[in-house]
């Protein structure tokens, strides 16, 4: 399916974890299982090779394989977005062509992340990059990892190219999200997507179009229901579901003491839930040892899960 | 009026600007005018000597005078909160006693801001400070200015003292706000107050109790209406009012190129609106020159203002 | 003694710790002992109320007392520099007048540290402040604590007022120090003073004028000898002394896990050495408990100390 | 030549710029010219694909070509170090094997720079990586670009593997450099190399082994002379040469307003000096326009250059 992008891309588009056997081996079987789990869970798209997908830690061979396998397994059922963030414009374009060849619907790009660009350099970079990309483009704001943030006016300038279809913000700064949304108010087809699941509900209530939420790897229905509740203005349901989302966030993502807690916790929980086989995390991170794994097990036990599904 | 704090402090409690004639002279007449303007506008409390009130730039003599005059003018009509943030615990306690003597309802405290404390030091500091304060206490998170952020668990630890009645967050990080709110869910009387006006609406929709919004100095009704709309779940009205709030934020607060844009723009607009006489900003900031002032004038002109009031 | 400042202020000017009994009580007897210890040790000046002196944590009453007692005890034997850094320009000027009245030789000022200024604002602030100060002025760069750094050109602009006599840099960034020194090369009377003792030797070798080194509170001779060795180009001696300086830095200042390790370790060591009585640290920091104190004791034991003096 | 590494690698090892015609075309002729220019200038090694070499902005094809061509042109005359910093451990190892196959003498590695690692993760990463690298390894500290800094104890832990031969520090924090050097004092064969040319002189005076200085691309003799002067303890000469180094640093590297000033200025100056043909800078940076180029021309004009050589 080539996604039409008539209106803004909307809904829950989970950033898939990349199931691995080791640094050089994709676990294709687990990927199949994960994708079926997500589609059954009602998500609106698949987003691969993002931060949650450990793009930067993977070799280019595995990045390519991940694109191919995802598109193959998906069989056009959902739009597939591929993150092509790179420090090299050439490699970014290469990856985007692979994505297009495999039938992906769009690419996602965060700023180059070794050299920090000023805003004019950042705009110029995207004015050079976007026309060389063979698919619709979504900008990805991720200042904690790439050191620079798109100024709202920079988003506006880059998005004058209609190939730019939306914006994903993982800054957690809701004032910033509101500012970008306000700056882009003349583009009703421009998707405003929230990264952190803890504030997807409120952003959709205020006019955002959906969430790229890592927790949906585990419990897709929870985040889909939150999106639907927020979209339809069902505040009571939003508040009810928010409690589960915060419980997950404050338990499963906070074991361990480094910035890697989220990723390790998520993969560990997915393996405990049986969604993926092993929770191998690519270097420079390393999966949890037994004591941390036990904490994740207890965190899952505290949730109303039956047969791997959250009872909402 | 001694505020009872039976339930959580709620509503719009504007952080008053401090009207000044120069670095050493409070403009009492403008303060009177400002307070009447706010009370007429329906706000739920007065918050003085915060960041918007330039506490740190003022001499202790003026801080004291500002407390005295505000309480005198208020005549007990609204709860008055006094920010007593200081690098010296002794001076912080001194200021709190002045506030209590003048009849204020509570004090607000951000962490000491010269030395950066670790979380255990921060908790220990408040366990030492709070019992020496003669009023209910609100914690104030302001990492951009004080360099440290209260970890949610630190808020929870400090708030085991029931004298701690609430939390104001100016981090703009909505994930963080949700985390603190979730951590404090066992304390229904604990007020969760939002600093940035751009996200007060969404935070109240999600269970927050109100906003300490600088823009309310100009247009108290706008923020009061937003609070009421969000509290009653009137999403359509929230979205309508949000457009005005974002227009103000993206015009009046963005003139000039330094972090001081917000404060200079706000005081400049207040003087153009006739709420205060002069827009003197205390050192180390300096009020706008003519070209910037003209931009603020144009920003106000673009709003539907009649007789100094925003026509909502 | 009124220091003449004919040439640049030079040598080792220790930033005195402030001996305390509690948050509100200066330990005057320990201060007397400390000052005699330093003068006997050959230091070239006394610098009080700096970061090591915990200025910001002290009440104004104690700041005043510290100035008065230091000047009284010093009896004009050495130039006394008083740090008057404040967020309020009025309080800064007040403190400077107390310093002048007590016979201090100069004041030191870091930028206001609550609001972060842009460079033009910073320059304008000092152009307003300096003429109101009754003593020669030294600028103090301390970005980790005050969030802003003086751009080299800003130092140059502020120092066009000849009342500005020097610059203390605590950034640890030696490229920056070289840049400021190069920018000020037309002012041979302008003192370039290094904060961190670990690099005072190399900065003096390259033309710097001395160090404001906390370790000199413990072992004044070590830092004085380092200054003399570097000034006279005795490289072998510089390298020999550097080993002691690094041993101290990597043991006494690294116990504990927060930014406060340096201050706590220094005060703890001073009390173990008998230079001051108690190692009380003002809130929001707290002195070491027994296990950390034991580590400091062992660190001192590893140094060739006899009768409280480092055997060089 | 396989470099023996009997003693610590020492001297000036310039980080070569990568001469480019466009994002996908290496300018081999300019590279030849540059390498002859450096060898004639007396440098002690060649360091390619570092930050100055824009590794991250280049495609893997060009990275490979740059290694091959450099080793071919060098003909074993100098040790060649190849930067293999990557976010993917697999790609890092791949690049190192290319370097070994081409006859390079060592590889240089900064921490993965998308995900920020904690210190234990960082140590574990290098304990996994180093044994898979076919050449001696130099650690590269570059916190401004990779967000994490090697703690001195982490360097010590990683360097327990004798394959780790040295450390390059580009933090500009001289206290940090001293701390690492002190921590590694039991390893006399471990090379301590300074990145910023502004402080190479002082670091060598204090026991450092040399500099990886970008300015040596332009004027190799200046930095080689500085190294020799510092190594032999000729302080007068160090001070004399330091003036040129600071003049270059404060003029050629400060045109433009973004972090890219250094790289753009260096390449622009090299093209004006005729060392390389074009000053093309890889995306996301862009070479200077005419007005900035004119400023660089004037900066060069202010130096005593004859026939492209600095008259020392």
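Think of it as A, B, C and D in the order they're written, each chain with its own count starting at 1.
Just so it is clear, contacts are C-beta pairs under 8 Å (C-beta built on N, C-alpha and C of every residue); 3 or more make two chains touch, one makes a residue touch a chain.
Not measured: the values here are computed from a predicted model.
By mean C-alpha coordinates, which chain is most distant from chain A?
That would be chain C.
Same or different interface residues for chain A and chain D, judged by whether over half of the residue numbers are used by both?
Chain A and chain D contact each other through largely matching residue numbers.
So the centre of each chain is just the mean of its C-alpha atoms; given that, what is the distance between chain A and chain C in Å?
49
Report the inter-centroid distance (CA atoms only) between chain C and chain D in whole Å.
That gives a centre separation of 35 Å.
Under the stated contact criterion, what part of chain A meets chain B in this complex?
Interface residues on the chain A side: 152, 172-176, 178-179, 182-183, 196, 198-199, 201-203, 205-207, 233, 235, 238-239, 242-243, 246-247, 249-250.
So in the complex, the part of chain C that touches chain B is made up of which residues?
23-24, 51, 56-62, 87-91, 94, 111-118, 120-122, 124-125, 128-129, 144-147, 257-260, 282-286
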